[in-house]
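First chain written, first letter: the chains are A, B and C, and each begins at residue 1.
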Amino acid sequence: MNRVTGLLLVALRRAAAGLLLLVGASFIIYVTIRSAPGDAVDAITPMGTPDDLKQKLAAEFGLDRDPLSGYVTWLGRSATGDFGESLVVAAGEPVMAVAGPAFVKTLALAGVSLLAAGLLALLGAMLLGDPSARQQWLTGPLYFGTAAPSYVVAVLFTQGMNWFVHAFVEQGGYETPVWYPIPIASDSAMPYVFAGLVLLAGDGLYMDYLNTVRAELNALRNAQFIAAVRAKGAGVVRHIARNLVVPFVSAFASRLPIVLGGAVIVEYVFTLEGAGYLLLEAARERDFPVVVGLSVLFTVTIIAVGLLADVVRAIVDPREVARGG
Amino acid sequence: MSANLLEIRDLVIEFDTPTGRRRVVDGVTLELAEGEVLGILGESGSGKTMTTLSVLGLVAGRPGIVGGEIRLHDGTSTHALLEALPTVLRRRDDGPVRKDDRRWQRLVHRRMRPLWGRVATAVFQNPRQSLDPLMSIGEQLTESVRVAEPTLAKTEVRRRALEWLERVHMNDPARVFASYPHELSGGMCQRAMIAIALACQPRLLIADEPTTGLDSTVRAEIVALFRELMADRRRSMLYISHDIREVLHLADRVIVMRHGRVLETASSAALRDGIGTRAEYTASLLAASGLAVGQGDAA
Amino acid sequence: MGASTGRLGLWVSGCIVALVILAGLAAPMIPYDPVADVNLDGALAPPSGDHLFGTDAQGRDVAMRLLKGTEAFFLPGLMAAALATLFGAVAGAVAGYFQGPIRSAVLGVLQLLDTLPRLVFIILVCTILNPSILLIAFVAAILFIPANATVIRRKVEALASEDYILAHVAHGFRPARILVYHILWLQCRPLLIRQAMYVFGYVLFVETALAYLGDYGVQEPAPSWGNMVAQAKELFGIGAWPWLFPAVAIVITIASFLAFGNLVARRAEETR
């Protein structure tokens, strides 16, 4: 079979599967909405919502129909990017107008942090190399690195900064930096840098990535075909790099959900007004359309990145095409 | 012998295992002349693979080579592979100083780099695992052609590569050129691997049990291919196997190894024709394969 | 050397796991009234003989609240671990052992559950339903099924082609017996233990994270490790005792559960 046709076939098949997943995942979200006790509209709107607004909501979410046709109604609207209007957080505005820009921010934060984690993991793996005695002693601390939840890291980090600034910088006659005592949203990029650092260290992201890449790199270094490439006098870097792409991309895609979850947490801690911050605010205020719209956006992103990773895998590894085509 | 391509003296290789240090190769000495095919015969664990891998500096594991000398002559100069590394080696011999491990490996690799391919190269067992799964046979073969002649034009490189595929009797060289390893059978992978190794135009080819894991008909084909490719004696070969028939068929001289030591060295003719007295182990190998002393040529 | 560090890690993490389980079992039997414990005169005291880990902003004993706080996640964590491990094992075994439409269907459902962003989905559920810690643990368990199933599926797939399993088939053992006894029970036990440990750690993580983010789960004045760490928000720069010890306890507990699970699985792999 022609390689390009094979690739196209794989891409198409994966896209179809992704679409199916999207329908399934949105159905789960919809069923969750419908599982609200009592009158669904009452349960999901803040107290004191006027009746006409409630009726409008019920119609938009298909709550006045049976679950299946209600789902189809809601899916039809959602597919066009119409998730209704915000109730509280930005009352009256379309959900996408509020959630979209915030989500882009979150995606950038999560994506850049994950990419940085990946590249640093690669660097660490190259420096650490084979498992040996000194790394046996590293595994203990490594578990602690793996275990610290991002909000604990964030709390320790901000408190540490706070103490540092208080103890040294202020007394030296310096101006208080903008991110003091808690970094606040502003034009400064510093809060984002800090959030990224916390994301990197929190939830074991970096340690996990490092372990994965290191195991792959060591397996490759000891692989027979690398010895064969050496023996014929060609450079091995090209071969190792190419063979690392697949595990690297897989690790990236599989960790994205964790990082997006972590982004929700660090945005809250650092008061960065991204999708995570918005989600928590909307959840607290029971601004239901915003919560649902954001949930769908997160899910779509995860499916899309998974799809993209599959396609990259198929491009790099001809065996994928053989398997899928 | 003046025209020795390879000389190994008193080579000792050890590895640390959970049950203590084990001596895998115990004072092996051997010589290989230009154009000669030397068979190394032994059961698994006899140290035959480690001996030959050490020639390429590809012994992985701790502590590895702990003593001895390896000399490769590439026609103009002599490379004493282990001489430059005595201090590091000695430290490695003392005990668990593992910090130097990768530094040592880098040193060996840097030293071996100019020799790999052009002077010596290898064909391993499990051909499928010897090929990069993500690159087409053509790409991997092209790499080898460029090792031998880095300045060749692109079209010429491709022509040479296809030529090599023909020389290892591939049916449809153009198709194989564009194929990936997973699309070929084990026998075809090994043919491709042989082409890739020979395309570097090495003076010494190391074949480490190249027929293990292949069907018996394919094995015969691969052995016949080696015999054909070595017929012009433009290169030497170390042929490692546990199959006495293969070794006798291909080699001029045979070294029999067991438990990391060389039991005996004899010419193939002498082994076949039962000239001279044999060590007990060799005799039992001959008897088991139906080539009992005095039976004449049966290979 | 490698073996001895592994053993040391196994002992240390095992002891901490045992300690947490012991605390979780003992906590309900210890009488504690969070309202009566309030002592505003002795607030934010550093660790001392009277208060081992100091006191919080309302003068309550941090050590005592830490002990009672295990109640909040212990049973839900156990439940989630059991649920996710059981269903994960069944789904993974079915997907790994059988072929055809059953396998595809199970894999599809697992992949579907895997696409839901865990934390975001839990927040969504909390918005719609009453956010009790039991519900949170239940949702976490369901979201963890695909991860567990994948681990078991890989193992089952690897085992299914091994000769001795084929020999069992040839001997005429029933598939259910081979699957449940020979594969899951005899071969996958260390993996199941590891995955159960992961889920338990994740429940602790979610409980504490949600308490920090949005006052979900256990409400004041009842103690939970999550709402104790959440006090850090109000105590920025004032005092560290009320939240530092719970934060450290969370990290150590999750680390020990992960480490213990990993080491048990690795040991089983090495001694095989």
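Assume contacts are C-beta pairs under 8 Å (C-beta built on N, C-alpha and C of every residue); 3 or more make two chains touch, one makes a residue touch a chain.
It should be emphasised that the depicted structure is a prediction, and the values quoted were computed from it without experimental measurement.
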| item | value |
| --- | --- |
| Contact-richer chain pair [A-C vs A-B] | A-C |
| Identifier of the chain whose CA centre is least distant from the whole-structure CA centre | A |
| Geometric centre distance via CA averages, chain C-chain B, whole Å | 52 |
| Distance from chain C to chain A - Cα centre to Cα centre, in angstrom | 22 |
| Centre-of-Cα separation between chain B and chain A, whole angstrom | 50 |
| Residues of chain A whose C-beta touches two or more other chains | 133 |
| Multi-chain contact residues (two or more partners), chain B | 96 |
| For chain C, residues that touch 2 or more chains besides their own | 1 |
| Sites on chain B touched by chain A in the complex | 56, 58, 60, 96, 98-99, 101-102, 109, 112-113, 115-118, 120-122, 124, 126, 129-136, 143-144, 146-147, 180, 182-183, 193, 196-197, 200, 206 |
| Contact footprint of chain A on chain C as seen in their complex | 1-2, 5-6, 9, 13, 108, 111-113, 115-121, 123-130, 201, 205, 208-209, 212-214, 229, 232, 236-237, 240, 243, 247, 250-252, 254-256, 258-259, 262 |
| Residue ranges of chain A touching chain C (in the complex, touch as defined) | 20-21, 24-25, 28-29, 32-33, 35-37, 43-44, 133, 136-137, 139-140, 143-144, 146-149, 151-152, 155-156, 158-159, 162-163, 166, 181-182, 257-258, 260-261, 264-265, 268, 279-280, 282-284, 286, 288, 291-292, 294-295, 298-299, 302-303, 306 |
| Chain B contact footprint on chain A (complex, rising order) | 129-130, 132-134, 222-225, 227-234, 239, 242-243, 316-319, 322 |
